[in-house]
Each structure stands twice: as C-alpha cells, then as structure tokens.
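Presented sequentially are two complexes of subunit A, the first with subunit B as partner and the second with subunit C.
Up next is the complex of A and B:
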C-alpha cells in the first residue's frame, strides 16, 4: 500500500513539472500552429542561466525564475518578431525546420560558451525529503511542483480573465473571427509566443535543480514534451496537463510494478492507443480546415 | 482550448473545408513526424576540420568523434586527449620525423555518420593512420570499416564483449580490460575481506548500456558465487531521468551493497534519490559516473562521494611513463583542468599507435598490426598487450573517493593508499 501511495505521489509530482514544461509548447501550437522544437533547447538555456546565477550569487534556483521568466518573455517576443513571424503563412512542417534549426543554434552556443559538461544546481535542500508515514517526498520535487502549479494557475488566469488572454484564445479558435472583432493577429501571436517562451523561465529553473543537464540534453526533453502534447491534443492546455500527469504516472507505476525497461515505453504505447481511437488526442478539438 | 460553437459559426462556410477528422490527424502526424525529423537531424554531421599545420608532408591521422549529440561529453574529452598527444609529439619533432596532423570529423554520435566518416577518411582523404572513436556503439561499425580497409584501429573506448567476437585482426582496445572483466578487481577486493565484513545482500541496478550492463552482470555472477544474496536486479533504459522509484524499491530491501552500472546522470540521480530516502548502503559501487572528477562531486555534493568505489583504466597520480607530462600539458592547455579518464584513454591509444609506427619505421599497416600483436607498448595506463581478437589482457584499477580525492585501493601493486573506507559513512 505504501509502495502504491509512494508511486502515485511521485508520479503526480513529476507530472506537474512535465505539465509546466509542456504548457508553453501547447500554447504556442494552439495559437499559431507552430510546433516549437526549440522549446527543449530553451529549457536547457534557462537551466544554464539559472545554474550560473545560482553559482555566482547564491540565489535559490527556483526563485531565480523571477529573473529568467521576464527575460524569456522578452526573448520569445524578439524571436517571434524577427524570425518566426516570417514563416507564419507556411505549413506547420516549416515551423519544425525553423525551430529545430534554432534548437541547434542554442545547443551550439551553449557548447561554446558554457562548455560541454554536466551541470546541476544543488541548493541546500536538494537531497532532503518531506516524510509522511512511509512515504517520502523529495523537497526539490515538491517545490518544483508548487512552482509549476503557480505558473499554470497564472497562465489560466491570464488566458481567461484578461483582455489579452481572451484575444489569444480568440485567435487560436478563429483567427478571421478574431480579426473581425478587432484583435490584431500579429501582435497577439507575438504575445502568445512570448508567453509560451516565458514558461521555460520557470520550467528551466526547476529542471536545473531536478536533473543534471548538458547542452545536448534538450533532445530528451523535447521528445518527451511532444509526446505529452500529442497525447493531450495539440494546442490544448488542459490536454497538456492530463498528458503530463499520464506520463508521470506511467513512468513511476511501470517502474514500480512492471519492468524498468518498459517505464518510458509504456507512455508511447498509451499515445499510440489513444491516437488510434482519438486521432485528435484526448482534449484536441476536431477543427474545421476553414476555421483554422 | 476547444473551438467553441460561436467561434465556429463565425467561420465562413467552406469550399475549402476538408474532413476535420483527417485534419486533426494530420496535425498529430506532423507533430510525430517532428519528433522523427528532430531525431534524424540530431544525427546530421557537422564536419569540423582542422587546418593543416603547414609543414611540407605531415603525417595525417584520421579520427571521427562524437563532438555533438549523446556522446559529446566523452567525445570532447577524447578530442582533448588526442590533441594534447599531438602537441606533445610535435614538440619533439613528430613521428617518423614528420609533423603529426589530426583530421578530426564530427559524427554527431550517429552510427551511420561514423561509418561515412571513416570511409571518407580512409578512401578519399587517404590518411596515413586512423585512431578510434568513442563508445562501443560507434566503435563497433567504425572498426568494421577499418578492418575492411586493412587499417589498424586502436580504439580508446569500446570494451563491450561483442567487439571482440568478430575475428578482427586490426582492432586493438587501448584500455587494460574489456567490460566483463572490469569488475574483477572489485570482486578480488571483496574476496580479500574476512567473512564478517563481506556484504550479505546486494542490489544491481544498471543502465542498458554496452559498457555498463556487462560489468554489473559479471559482478553479480561472481558475487553470487561467493554467497552474496541478490535482492534486487534491474536494467533501466538510457533516457531514464527519475530514480526515486528505483531507489525506494532498493531501500525497502536494505541491501549491504549497491552496485550500479552508471554512465553519469543516472549515477548522480540514484545517489540523490537514495539520499532523499535517507538510505545509505554499507558499500556503493558505480561503474563510470564517479570517474568524472569534479563534475561528479559537484553534482552529488563532495561529502557524499566519501567511500564510493569504481573501477577505472587510468589514474592521475600514476607514475607511468609520460603520465605526469600528460597531466601537466592537459592542465596547461585547458585552464588548469584535470584530464578525464576518456582523455587519458585517447592519449594512450595514440601512444600505442605511435610506438608501433616508430618501431616498424613506416605506416605499413600490416607491419604495425603484427608488431602490436607481438609487443607490449608502454602507455600512461601502464603496459598493454592484446590477445588475437584485440581484447586487452590487463586489469582495471579499483578506485575509491576518500576525503574529497580519488585514491587507487587495488590491485595492491598499483594502490596509492593502504586505507580503504569500509563501511561507507552515511550521507552528509
């Protein structure tokens, strides 16, 4: 019983962090039909910046997201305005090529500037746990989970309670309709891209504490994140959250009760089965071509 | 975000309207294809050729290394090892009186690219000599290219057992022992303990890696024969990032010894998770992770390294010929850094090739091969010799982290200290 509770708790904690990391990808796809392959590289970039800040100033790595989040928001905005906006009229596959190229550039720059070695932020609490009964919850995972919840809640409030958020959602649901009622498409898209990029500010800082990383680590992360958003339904934020929780639980439960070899594979099996019956993903909308 | 009905009603009714189901499926497929594109493209080559040194007729050594992708970390170290060798050799007039030039290409950790790289180096660029790449995964196909072209292939890594079952004549592994024999020196040490001090139970988690899993597998067999009871044994995939589950399963069985086939992140991840659970085994052995000097101690915390065992092919303090010079030259070239084991192995591979080339007085590949089969060249790892398959006949060193530094504790003739930390102290 303790074993089950432990596995479920760990699965949920990890799933929460995955949800945060995947939310930016879902948001950007939802609004712009852009598959941002660079999201993983951006996470690693932030993890590196966080590590550096932590090393130089001793600031708590998770708190450092107060600095990295606005930084990434600005970075995302500039990136969209000067690079991504040029392929707005192209197909989704074009965005894959562009953003993948960008991921390679980030990896290369990190290799040269930061060096090709493993890093990992180790604040004082990084190896401590909260214990409840026989269950132990690592502090880093708990803090990461809380930070992820805060960001996801903020994202939800922005999208549902502010004019900007409504404009973003309107654009994602029906660009021509949104334009008809006075939403500027270009500005909204840049905002959504910047917002999606800003989520890596917190995601990357959590990553720097939870996992050792090096410049090429982003391949592992982006494949996991793409899996999550495909399972949840491309462009759906609730879908990304459910997908992330399923991944977290699938990993820990398979590792506990099945075989470790299968722990990552099971998630992809779930994706395949879901796509067979719901090609649009769990929460994906069946969109009409003319409405996109 | 689902399309609301009001939003839909705003949309113009469509002459372009496609099957909506197909459309969303298309998007899913595009995203999945994106994963594919990414993985494939991750494997694309980015050649980074070195400029010629300018002498009239340099001796060109062709090498392909994983400078990007999964193995970029050890690949980068191997490159440093080769380059330190090159500058040391050239400072003394080169090999056969010719300046040495390295032609290093990047295979992006990809098996197809490494084959293309060595084929091009040998058949088009017509390099004088080749040296091996990094990891069994890449050396396996690369050594086949060299064998086909009758080029001597001295590899700094690649000790997986299957490397040596193909009957190759030109393959030489520049480390003291192959993977299944890496753990022998640890088992020998356990044998040397009085019965009361030997572990009673052991857990064996290992990454599914050709250089980690066979070490642990062979150790498990040998320790079971000594009467050590196995309470946990599992192989996890290379992309595993969460170790809490593995750690909590092991902790519930309270093994005396945990022996992990750890490449790097997994070794760090497991220690962190064990510490979060507050379970500290009496003995902890990890294959490669602890050999990453400061990267390892930074990641797990210096205090937590105390007493961790690992086996290693090379030791920084060894008094082997040229070793102090190598360590000094490396520190000079790379801002005071200590060489990683991978750099030392690459240096040793180059030393072996240099010794054979100098001894036969030419780059005649069959003469070099025969010389290597008949002789025992000196390297910074100690003297090395090979059986007819190219598998080395030596033993690894048993190393242990003690008071923030690494000491060799076995075998006795190579030990740098007589002290062995046993049992391992609890986590700090």
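Up next is the complex of A and C:
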C-alpha cells in the first residue's frame, strides 16, 4: 500500500514537471502548427547552462531558472524572428526538418563544447527527502514540482489576463479572424515561440537536478514530450497538462511494479494506442475539415 | 545515333555514371578504401531513394527511416546464425520484415492526416532500439551479434559488396521510377499536393499512404541484411542510430526530394562530405554538428534541392513561349464521349419508364459549425439524366452541402443516398468509385503536377489493377489526352498545372472529374472565370455529356446560364431549400425573388425607366 502511495506521489510530482515541459511544445504547435523537435535539445541546453552556473557560482540550480528563463525567452524570439519566420510560407514538413536540424546543432555544439559525458547538478539537499508516514519524497522532486506549478500558473495568467496572451490564444484558434481584428500574425507567432522556448528555461533547470543528462539525451526527452502532446491532443494546453500527469503516473507505476528498463517504452506504447483509438487525443478539437 | 538522342538527357547521364561505377573496381581493383566509401554511398542512396517514396512523393516526412536498415540487419543476422546459412541467402527476408513492420505502423498512424506520422517515425526508431537492447534472448542485447567473416579472400573483400549494393541501388531507382509512372505514383503526389482533393477523385488515401510506406521500407531492409554481413557485427545503438536517419533525410533533401535522381546525387554528396569531414575534420564527434547545420542550411536556402534548383535556372535561361487555350480546337472538337458506367444508365432510360428515377437523395441533412447552422435539415433530390441547379445567396450552405454529399465533411444528422445506396458514412473515395464526382469553387488542381498527370490521377474504382496501371502511356494516358482535347487544352498536357490561367484550370478540373467515369457531377460555379466563348463550349460539353447519361448538380451565380441550361432549379437559403421547379417558374416565384434574385428579375413593371434606375442602384449596392 505504501509502495503504491509512494509511486502515485512520485508520478504526480514528475507529471507536474512534464506538464511544464510539454506546455511549450503545445503552445508552439497551437499557434504555428510547428512541431518543435528542438524542444528536447533546448531542455538539455538549459540543463547544461544551469549546471555550469551552479558549478561556477554555487547558485541553487532550480533558482537559476530566474536567469535561464529570460535568456531562453530572448533566444526563442531571435530564433523565430531570424530563422523560423523565413519558412512560414513553406509546407509544414519543412518546419519539422528545420527544428530537427536545430536539435542536432544544439546537440553537436554541446558535444564539442561540453563533451559527451553524463552530468547532474547536485545541490546540498540532493539526497534529502521529506517523510510523511512511510512515504518519502525527495526534496529535488518536490522543489521541481513547485517551480513547475509556479511557472504554469504564470503562463496561465499571461495567456488569459494579458492582451498578448489573448492574442496568442486567438491566433491559435483562428489566425485569419485574429488578423482581422488587428492581431498581427507574425508578431504573435514570435511571442508564442519565445514563450514556448522560455518554458524550457525552467524545465531545463529542474531537469539538471532530477536526471543525469548528456548531449544526446534530448531524444529521450523529446519522445516523452511528443507522447504527452499526442495523448493530450496536439496543440491543446489543458491536454498537455492531463497527458503529462497520466504519463508521469504510468511511468512511475511501470518502474515500480514492472521494470525500469521498460518504463520508457510506456510513452511509445501510449502514442500508438492513442493514435489507434483516438487520433485527435484527449482534448483535440475537431477542426472544420473542409479546406476550401 | 538518333535513338540515343531520343533518350532524355538525365537518363543518358545516369547511364554513363552507372557504366563508370560498374567499371571502377575493374580498373582499380586493389583499393578497398575508396571502394568502401563508394559502397556506403550506394547504401545511403538506396535509403534516400526509398525514403523518397513516402516522404518525397507523398510528402509524409519520416525521421526514423534508418529503423528499416536495423530491422533488415537483425532479421538476417539472427536467422543466419539460427539456420547456419550464409547471410546473403537471407537478405530478401530483411526486406520482408521491414515491409511488414512498416505496414503495421502505417496502418495505425496513416489512417489520419497530418502531423502524427512524423512523431511516430521518431518514436518507433527509439522504441526499436529499446527492444533490441532488452530482448536479450533474440538480439543478445547491448553485446550485439557477431557474424562469420565473408568466405571470399580478404584481398578483394569489398568488391562483392560493392557490386551487391550497386545492383540494389539500380533496382531501387528502377522501382521508384516505376512507381512514379503508375497511377499509384500520381496518387501519392496528389496526396502531397492536396490530400482532401485527392480523396475526392477516388484516391484511397489511406491505402495509398500505407502501401507507399511499405514500399519505402523494402530495399532498405534488404540493404540492411547486406550491411550486417559487411560489418559482421551489429548492436542496438549502431543499427537503430538516429544519425542514420538524419543522413537519409539530408541526402534526399540536398539532391531534391520528389525527383528521381535527386536522392542519389544527394547521397553521394553527403557521403563524400561526411567522409572528408571524418578524415580531415574532428572525427565523428563533430558529425552531429555538421549534419545538423547542413540540414538547417538546406531547409533555409535550398528547400527544393539541388536538381530542381538547377532545372529551374536552366528553364529561366531557356524560356518556353506561352500558348493560349486552343479555343478553335476546343470549339471544333467532336462530341464529348463517356465511358460505360454512364452509358449503362442511358440504357436503362431507353426502356422509357425509368427517366426521372432518383439518383441522389439528401434527406434531412444538417451541419453546424459551432453556433452557425450551415445546412439545416435540407432535403434535395437529383433525378437521373437531369441537370439540376442549386442557386442561392452566398453563405446559404450550397458548398457545404456539396462537401457533405461528396464526403469532404460528415453531416451531423440526416441521410444521403446515391442510386439507392446509403453513402453518408462512406469515405470520399468510395463515393467517387460509385460514380460521384465534383469540381471546386476555387480550383484545386495539383499545381506541381503536369496537366496530363492531373487528369490521369483519378481512380474510377478500387481495384489494385487500376492502382498500378501505367499513367504515362497506354489507355489511361490516351483517355486523359482525349478528355483534355474535349476541353481544348490538349496542347498544355505537358505544362505544370499551376502555370495555367484560372479559367483553364477550371476546364482541366472538369476533364479530371470525367476521368472518374462519373454518373453524377457536382459542379461548383463552373462558369466563374471562364471567358464567354469558352463558356459556350463548356455548356455544350455539359449538354453532350448529359445526353450520354451523366447527371449534373450545378451551383452557379450566372442566372441566365442556369435558366438556360438547368431543369429543375432548386433555390437554397439559410441552409435549406425554399423552392424547386422548372426555370420558368423559379424566375417568377416571389419567395425566390425576395431571397435571392432580387428586383432585377421581377416581371416587367409598368415603368421601364423606373426599373432601370432601380436595377442600377441595386447593382451599386452589391
């Protein structure tokens, strides 16, 4: 029983972190119909930056997201303005290839600069846990979860309470309608891309304490995130939240009761099952199908 | 000599290159290193050409195609050890495994349109790696499998592999060239250009995509088997490497995706550059960076690829004079002909009593978009042999009704019957196979295809034989030419459809629908953008086809044309029919005058001058 509660609690904690990481992917897809394959690589990039900051200055890795988040916001904005926006008129497949190319470039740069070995940020509380009854919750997981919730709440407020956020949501629902009422598609897209990239600022900082990472681990991460957004429905933010929680729980339960080796496969399995029975995902809206 | 000249230049160049490659080991037999580099180039070319079938032709990008290489390698290696035979005997089985897995994955993910496919391809590649690591009993896990060394002498060890890969490459290129020639190939390209439209002309998009994915796996699986024997060692990380997929995509993209020789050219460029980088650069550590930057650069600066870019420049230097629609030819052409399906209806009609049987029946159909009711409990019948008109104000739901009838959308409620058969749950292509065709208000030709390919693409039935019929020569192509002549565009057969004027595209779209051997054609504003004399020909064609048994349902705002051509006329307003009857009656119906036609059409008032004034102000408002 304790084991089950433990697994559920850990699944929930990690699910919250996944939700944050997947929200950027869902946001970017929702507004631009671009699957940002580089999202995983950006996470690893931030994790590396965080690790370096922690090493040099001793700053708490999770708190370092105060630095990395604006950094990634700017990076995303520049990336969109000067690179991604150039292929707006091309087919969707080209944007997938472009972001795939980004992912490889980031991996390659990290390989050259930081070397191909595992790293992990280990602050003082790294091995400590909160104990409640028989359940022990590692402090890193709890702090990571709290940080993720704070950022998700901020993201929610930005999207619902600010003009920019409403413009982003309007564009994702109906680009031409949004343009008609004075929402510039290009500017909104740049902001959405920047916001989506900024979520990797916090996500990557949390990742650096939760998991060991090396340049090529971005493939694991992007496939997790893709599994989440496919389950939730591509481009749906609430879907990404729910999908992240379900998959976080499924992963910890598999690791607890099955085997750690197979827990990663849960994501691939979920992708297949969802596509087989509910291709639009849990929250995927049926769009108007005619293309006239 | 003249026969050699008649071969297209690209095939001639390809033949000469092949000859040089065949002779190379003969001239320079004792150099295993350059042979090794070349044979890896062949292998990459095999993969890039195969990838081209699903991702170049059909436009569904796969980022995990190197999975099939690993599947082929493992299949051959495992069976070779188990059965104790030489791996080379088993290489076809490597291809079979790859195809089976591709068909399984494809039948899950390719039923839907859009983005899921690319996600699945990455996920499956990574999942394959996990399987290979964890199924130790079968794959020996991370330790990998070691095969026996080739039985031939080490002195010329690479030469047999060189020729095997080269032959496989030739077969792959011939295979992709053959696919491109068939209606299957035109269908794949149609899917890339406009999947919804492809479905409306009888292309079973689901089946085409799945078969295309399967076809793109076979030769990679075979090559994987050979590769395992060449390396004599395989492990999960090497066999299911994501970088392997990157170079496939990069090769095809660099050379020109969707072209025949582009992937081959790209493969050699990528292979040689990568080899040079490994030798002179920082080794394999920098390869990820190199390939990633190359991918970004190609997407940004040369998205069409090398061969199409060169071709486009050559065309710019050697412009072709623009021709106009063969108006005289079109006007002078003999009667339009139809094929057996419509004629069968005429035969029935000849019995006398069946004239006027219901062909299409729409019963209580509704469709909502959020709060907007586009079609509201609509009923409509089209009788066999009629030219029924559907008129009404903009936004009254006419086009939505068309989409519901042909399957572009599904209705929220109601039933649709075609020739007694319920069709509202059928896929668009199934409706097409029953003989239901349509044109679009704004033409939706496949712009990158030639005019002739556009007309050849439709499939009148679901038989495999039709799917693999030759689209370039033979009776299908002849029929397409014939239909193009009917609409007066025979001379444009070889032009890119996107280069045609709007009116010309309308006519091509009509020819395209006729290829479907339709019994009922839904025309969405056929007269829009067609010049007056060609319009005369268009109505002539419609009449001739109608006499030969094809029925029509026409949406049109050109009221004189409607009143002259159609009987009965149905008037649509706010998503439902408000009047139906012969044209003479409709033009005087007060309800219709109020809802749509307006005062211009009101029977002559007392004062002609007052009418003229009123009419002009009326136009001014519009």
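Basically, the second predicted complex is superposed on the first by the 278 of 292 C-alpha atoms of A that agree within 3 Å, B and C clash if a C-alpha of one lies under 4 Å from a C-alpha of the other, contacts with A are read in each partner's own complex, and residues count from 1 in each chain.
Keep this in mind: contacts are C-beta pairs under 8 Å (C-beta built on N, C-alpha and C of every residue); 3 or more make two chains touch, one makes a residue touch a chain.
It should be emphasised that the depicted structure is a prediction, and the values quoted were computed from it without experimental measurement.
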Fit or clash between subunit C and subunit B when superposed on subunit A: clash
Which of subunit B and subunit C A:234 touches, first, second, both or neither: both
Contacts of A:180 with subunit B and subunit C, given as first, second, both or neither: first
Partner chain in contact with A:117 - subunit B first, subunit C second, else both or neither: first
First, second, both or neither for A:57, with subunit B first and subunit C second: neither
Subunit B or subunit C, by number of subunit A residues touched: B
Partner chain in contact with A:87 - subunit B first, subunit C second, else both or neither: second
Subunit B versus subunit C as contact partner of A:102, first or second or both or neither: second
Touched partner set for A:162, first subunit B, second subunit C, both or neither: neither
Touched partner set for A:255, first subunit B, second subunit C, both or neither: first
Subunit B versus subunit C as contact partner of A:128, first or second or both or neither: first
Where subunit A meets both subunit C and subunit B, residue numbers: 29, 33, 35, 37, 92-93, 96-97, 100, 103-104, 107-108, 111, 116, 215, 219-220, 222-223, 226-227, 230, 234, 261, 264-265, 275, 279, 288-292
Touching residues (chain side subunit C, partner subunit A) in the complex: 55, 59-61, 63, 108-109, 111-112, 114-116, 118-120, 122-124, 126-127, 130, 133-134, 194, 196, 242, 246, 249, 253, 282, 285-296, 299-300, 303, 369, 399-400, 403, 408-410, 440-442
Contact footprint of subunit A on subunit B as seen in their complex: 1-4, 7-8, 10-14, 16-18, 20-21, 23-25, 27-28, 30-35, 37-39, 41-42, 68-70, 72-73, 76, 205, 208, 234-237, 239-242, 244-246, 248-249, 252, 264-265, 268-269, 272-273, 275-278, 292, 295, 298-299, 301, 304, 427
Contact set on subunit A toward subunit C in their complex: 29, 33, 35, 37, 83, 86-87, 90-94, 96-98, 100-109, 111-112, 116, 215, 219-220, 222-223, 226-227, 230, 234, 261-262, 264-265, 267-268, 271-272, 275-276, 279, 288-292
Interfacial residue positions of subunit A with respect to subunit B in the complex: 3, 6-7, 10, 14, 29-30, 33, 35, 37, 92-93, 96-97, 100, 103-104, 107-108, 111, 116-120, 122, 126-129, 136, 138-139, 141, 169-170, 172-174, 176-177, 180, 211-212, 214-216, 219-220, 222-223, 226-227, 229-230, 234-237, 251-252, 255-256, 259-261, 263-265, 275, 279-281, 283-292
